[in-house]
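Can you read through this structure? Questions will come right after.
In order of appearance the chains are A, B and C, and numbering begins at 1 in each one.
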């Protein structure tokens, strides 16, 4: 019965729920969904992370390749972040070129990563004008249940943290490149931006960490990215206006969320390191 | 062999359920092959007894993947209305909610059973209305045709211009409880005891 | 190459760093001797031993049905959606269609995969469709298509077989009427060696062959066990008849082993959803009772 109600009149369905200060999934208005982070689970990637926020699942994998730096900026390497929203993750998407939503998400991810200077691109350059690393970062959504950007950015940051860059030697005279896959070092990751999405329902109610249904009904969305307790970007694509005090409240929530997420990332990395040392002990 | 209806028997596609003979008839969610009844769904076996005959059915726990069949009662949302027909999307088939809606057309001559020539589409439906309708036999391969030519069919939920759900006051009119503005609709007569109308009733709150 | 304006672009050309690896390249003979040593494969399996299969249904909540399969390092996820109208189609078809899309995630293989479907992925999509079509009651949804998407998260050989087994489970999970479930297994053949459920390394060995070799290649074999029907047979490479006959025998037995795993997984998921449904109904009834009390004066005002 509930399902029929939701399909026939979704706005009223939500209005009735929100009047009781509870969301259809049982959460309070300002409650986040539980998040789970798992790192290095994809063996074929050079670095990877899986992030689950409620039902929303994003797998992020990094592939390293060697290429030539840009002519205009010859001393930096490439970071190529892309968000893929395959038709697999939601009935909204169809096969073919990336949907608008995927393009927006890709650009937002790229912008957040570059604004927060997560990765010093100069460290990716091997020989200026000749050889540089290209870090292909692909965030693939497996289950789209809202707040996709939050999951993508967290997955991207966690995946970058797991990348180990091999040592490269380049002989410029003979044009010979040599890679030592057994001698690796971590990428210089300097930041961890954490976005938090809020949905505005009927111009007044603010819902934190919205699901896909809530996003589609919302009259406005606002994503605040926080890094090191500082605001790093705000993305509010139109929609209903947001009062100043509400904005402040959103920001403070985003700050607490960022701390929690950072702790989760650290915990996931620590868990992996522990596993690795255990494995090494077993081998030796 | 499923004997009692009380104990739940789980079955999966390709599972042989029983012999297909005069006494056992394959129903929904099953198929017959080489004289046996097999399950075609993952779900619970259900046996209905009807004087000596037993119909073997399999019921899914989640919503079955179905498409509208002529004769089905469907719930649809009106998207476009013009003088000759309206377009809508089917949201539910009987009690089953569809995750992917199907498009359907309601032609002017299928709105009412009587005085068909006097029907005016704009005075019967507006975009956004939720209607109950019956699926007509397929004539066009691309689109379902539906009909509201029964007393129980027509507009079930409609919002006034103030955005408030309206209350039916006659079989052609609905009224907004806030502004008291009356609007014309082909109103469905909703019978509470019917399970389907029961749904819409409770939705209306 | 045409520029893809809808994605963020990297350098014009970049190559996997392993091409410049300082590690010595192994020649064919050492590879062959390493892959199969003293009757055991690199991961300790016997030649006719399948990797452990882990299956799970309903992993994608947004899809009608879905499944995840893990064969050690091969991981595939599949989702199935409700029937939808076939786009750009004018005539009526009595049987519904299956639309299958098989895709590798960019990071799933040793070398990076492109975002667009390449020729291999298109071929695999077709094999996936042919393997599933005989198992689905297509007459139940005439003029409609059911979308099946398979995404390989990590490929360590036999990804297509994993995808077929997984997709059949996802279809059943989506309550699409089916005649039977489909199980699929891959066999790699190289000279006198056979590898059931080959890893990526073994697949590469089976697909490269010196000219003198008579038997080499891989067979992707899909089988409906309770109907005892082969739904799809896809072979690469060349094999003589004796080899094929014995291969089919081996593969049929292997599918018979995999099939019950799919069945068990499905039974578990049905049992689970029955339980859930009961709980939900109880909860709903309780909630409705509470709401009815509060809602006595209508909230429409």
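FYI, a residue touches a chain if its C-beta (ideal position, glycine included) is under 8 Å from a C-beta of that chain, and two chains touch if they have at least 3 such contacts.
The shown structure was predicted, so the numbers you read here are calculated from the model rather than taken from an experiment.
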From chain A, which chain is the farthest off, judged by mean CA positions?
B
Chain pair with the most C-beta contacts:
A-C
Length of the line joining the C-alpha centres of chain A and chain B, rounded to whole Å:
42
Using mean CA coordinates as chain centres, what's the gap between chain B and chain C in Å?
35
As a quick test, compute the distance in whole Å between the mean CA positions of chain A and chain C.
27
In chain A, what residues contact two or more other chains?
1, 16, 91
What parts of chain B, by residue number, touch at least two of the other chains?
63, 98-100, 165, 205
Could you tell me which residues belong to chain C and also touch two or more other chains?
64, 81-82, 299
So in the complex, the part of chain A that touches chain B is made up of which residues?
1, 3-9, 12, 16, 91
Sites on chain C touched by chain A in the complex
6-18, 20-23, 59-64, 73, 75, 77-79, 81-82, 99, 101, 103, 105-110, 112, 115, 147, 149-151, 153-156, 284, 299
Touching residues (chain side chain B, partner chain C) in the complex
8, 10, 12-16, 29, 31, 33, 38, 40-44, 60-67, 98-100, 102-103, 141-142, 164-165, 177-178, 205
Chain B - residues contacting chain A, complex
63, 75, 77, 91-92, 95, 97-100, 130, 157, 165, 199-200, 202-203, 205
If you look only at chain A, which of its residues touch chain C in the complex?
1-2, 16, 19, 42-46, 48, 55, 57, 59, 61-70, 78, 80-82, 84, 86-91, 95, 97-98, 102-103, 106-107, 110, 132, 134, 136, 138, 140, 142-145, 166, 168, 177-182, 212
